[in-house]
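Multiple structures follow.
Shared between the two complexes below is chain A, which pairs with chain B and chain C, respectively.
Our next item is the complex of A and B:
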């Protein structure tokens, strides 16, 4: 069910995790050369944040306050910039047709998924590390005091979203106009994440204890676990010819 | 042009001729007959359902709440003495244990059964409490349904609601069928992943096409009912959110099928999507239900318990109708997909040598 990779022996010097980390390292090195993915994501995210600020207007921004405003603005900009970034994750594989080469490597196909997941997480994490302080400055909330809670909440929800996104970008990479499909495929299934992210981030920004949203955090953790398990199982099936 | 037609005809005749004769007989003909029968049954049932609902053979739920039936609690005010009684109507076999229970078989019970709590006063066109004449404690008494209890105005609003409310006889079964389709698509996708059988891939694809059809019916009929009843077309209530998200998931599935460049890729990707949707859909359901918080919820379910067998049977009949309709469409669509695949396969077969070189135009 995992795509027939279990019969392959690990390469010399490589284990399951090692293989995954090597793929992640390769992708990150590619990314760091020209930083195209990260910069396009960052530009889109900043544009969305600014567009929100201008559309709402100063009186509304003042009246809403950061606890109500920032969760929505932050997660919408993260969502859509991550979507555009995830598209690029598999685009290079398709352009240079290296996916076949990857599959032929003597590692379990789900290790490819893990490697892609790691590299996507690093890129999206960098984006968030830039975006969070930016919203703190622009909308006036205290990042320093809220940091542990906000970091946990953002990490949990990003993990789920990127896990789902890596699987789906593998799915749509072989379709015509797959990029257009990625958003419409991902967003309905990410709804629990989006709802939970909004609630949990609001609580974290307001410096309230996270136990208030422990149910939603639990739901997100369950969602993450379910998505990771399903992706690991199904990824091999997807990439095998 | 002529050559193309000839060679195409020759090709199909040649291939269908010997081996293909089997396709047109036996199992295929039985399958065609069965699906035609199923479609005819679905059409008859649907006609019956429309006639039943719009011809007024089923009571609409709004009227239901007005009418006294077994299990209802009524507040009666004695016309002469002004005494207010609260009584519950028990089934005729049971003996009342307290003073506030009466049996449906008693004189008063019989008088109350089937009465509407308010009657339309022709002069003022308003609701007036109905007067009931019955017997209690051995003497004849006249009661009026308590005028101080909240009454539903019997006015044009209720009459106007009767028509849109009938949509529920189609709206609720469609919703149930949509959920059925989710599990069908998930199951068929799983079987396809395990066995790579083209048949199950076709079943999953048909199921998804029907799923989006019935989901669209749900999303279109719902607001038609909601606007006269609640005054708005849409609200962010969890049932509506969940149905909208389901619609988007099905839309994505069908778009994947449309955008795939080869049948194999389409089946692969769609099967993963169909399978993934099944565990995630309950999660979306849970999240959407909990999201709305403490906002008052309009319930889309039936108002209270249905004592009237006419309403329950009406719903049951409509659900059966929609189930047969879904099955008929599923069978027809799956067969159609199978025939299309067969046709593609026949078209792609190389022409045989004795018919001469297959011209390039015969494609």
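Our next item is the complex of A and C:
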């Protein structure tokens, strides 16, 4: 078929990275207005941290030390609370078929994935910025001294987890039982990441050199790179019928 | 499902695709709009391959209007248009978005969230969004579904204006009268095949309706229940 005469169509759309950043900006603006995603994540995460803190009590904390307790508490709360946030990443685009509108824009569909990844990273990062000081206060570890190492460890593991979650969120969004399926798909595949996160966070909190967990950090970096590359390659197929 | 369909739509014409539910109208539109991939065959839009490497180039040249708004309820009218204008790489995105808001009578409500708009206002904004990048081809998938009479009248007027602008329009509809009134050509899809077609000016609504039911009776053995209602 052929187009008509008087119109003037651009030869190509906006830039790839610009497109991804605009999608992230749009998602964050919507999140700031609703606050439903971040609020529910925060409530769940804080509830988990508080429950653990009061269950362990001071004697356990003194006996084991924060480096033995905090990694588990931190990553369990982050894992479960961010799962609830990741579920909404694509579900909101189904409401008015806006995902179709995004696919119709003349930018490679993987830019949609990248945009969603950026916005999810900002939301989960905000959650982490609140949880880290909270665990420092409740479990008595030195956040100021450990911050550079902890930030690196948390970022590396969050990137892999959110990259995987964003991809699976797109996969299950059309399915009726999508929410349950997201957890079923995500948790087994995140096992290497969870083990690595626990070990590396313990080392960072103990103010020990990160070279002690070189293997785990290398594994996580490889996991992140592989997940990102696979997601960018596969995303176009996920949004096409 | 579509089967053995061969169709050519000339530039600047308006085609009304008629057919009952499940005839394949939406599937055809989604294939032409690069949203779905046919299992076999060739699809070209403006000489570009809709099945592969030219998809992004095609998307820059088409607009799609459906009974869904394709708009973010939580963003304002202006934010919605600006976002999509920038995604399409429209030069002077702000000027274009604001021009369309004035043109479609939404300027007074430009900073209100779309979720607070009436269905008619949302439909106007939907059309503005679809033509932001001045597409050469517009696909309209049952655009009148769920509209009240006032919003339908408004959409019809806008459709006439788009027709006058020389764009190629492809519209799916259940309504024979609507298809005939708004199209230059009509085609009937039944059971995934192109069953009949012709020029709209050659037929009266009654004659096309008779042809429509004749085609459906041939395709299905009898007209679908309630089709004449």
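Throughout what follows, the second predicted complex is superposed on the first by the 223 of 241 C-alpha atoms of A that agree within 3 Å, B and C clash if a C-alpha of one lies under 4 Å from a C-alpha of the other, contacts with A are read in each partner's own complex, and residues count from 1 in each chain.
One rule holds in what follows: a residue touches a chain if its C-beta (ideal position, glycine included) is under 8 Å from a C-beta of that chain, and two chains touch if they have at least 3 such contacts.
Here the structure is a predicted model, which means the values were calculated and not measured.
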Touching partner for A:172 - first (chain B), second (chain C), both, neither: first
First, second, both or neither for A:234, with chain B first and chain C second: first
Which of chain B and chain C A:191 touches, first, second, both or neither: first
Winner by number of chain A residues touched, once chain B and chain C are compared: C
Contacts of A:223 with chain B and chain C, given as first, second, both or neither: first
Touching both chain B and chain C, residues of chain A: 1
Parts of chain C lying in touch with chain A, wherever the complex brings them together: 7-12, 30, 32-37, 44-47, 56-57, 59-62, 64, 66, 68-75, 79, 83-84, 86-91, 129, 133-137, 165-168, 170
In the complex, chain A residues that touch chain B: 1, 167, 171-172, 174-178, 181, 184-185, 187-189, 191-192, 195-196, 215, 219, 222-223, 226-227, 230, 234, 237-238
Residue ranges of chain B in contact with chain A within the complex: 193-194, 241, 245-246, 248-249, 251-252, 255-256, 259-261, 265, 268-269, 272-273, 275-277, 279-280, 283-284, 286-288, 290-291
Interfacial residue positions of chain A with respect to chain C in the complex: 1-15, 18-19, 22, 26, 29-30, 33-34, 95-98, 100-108, 240-241
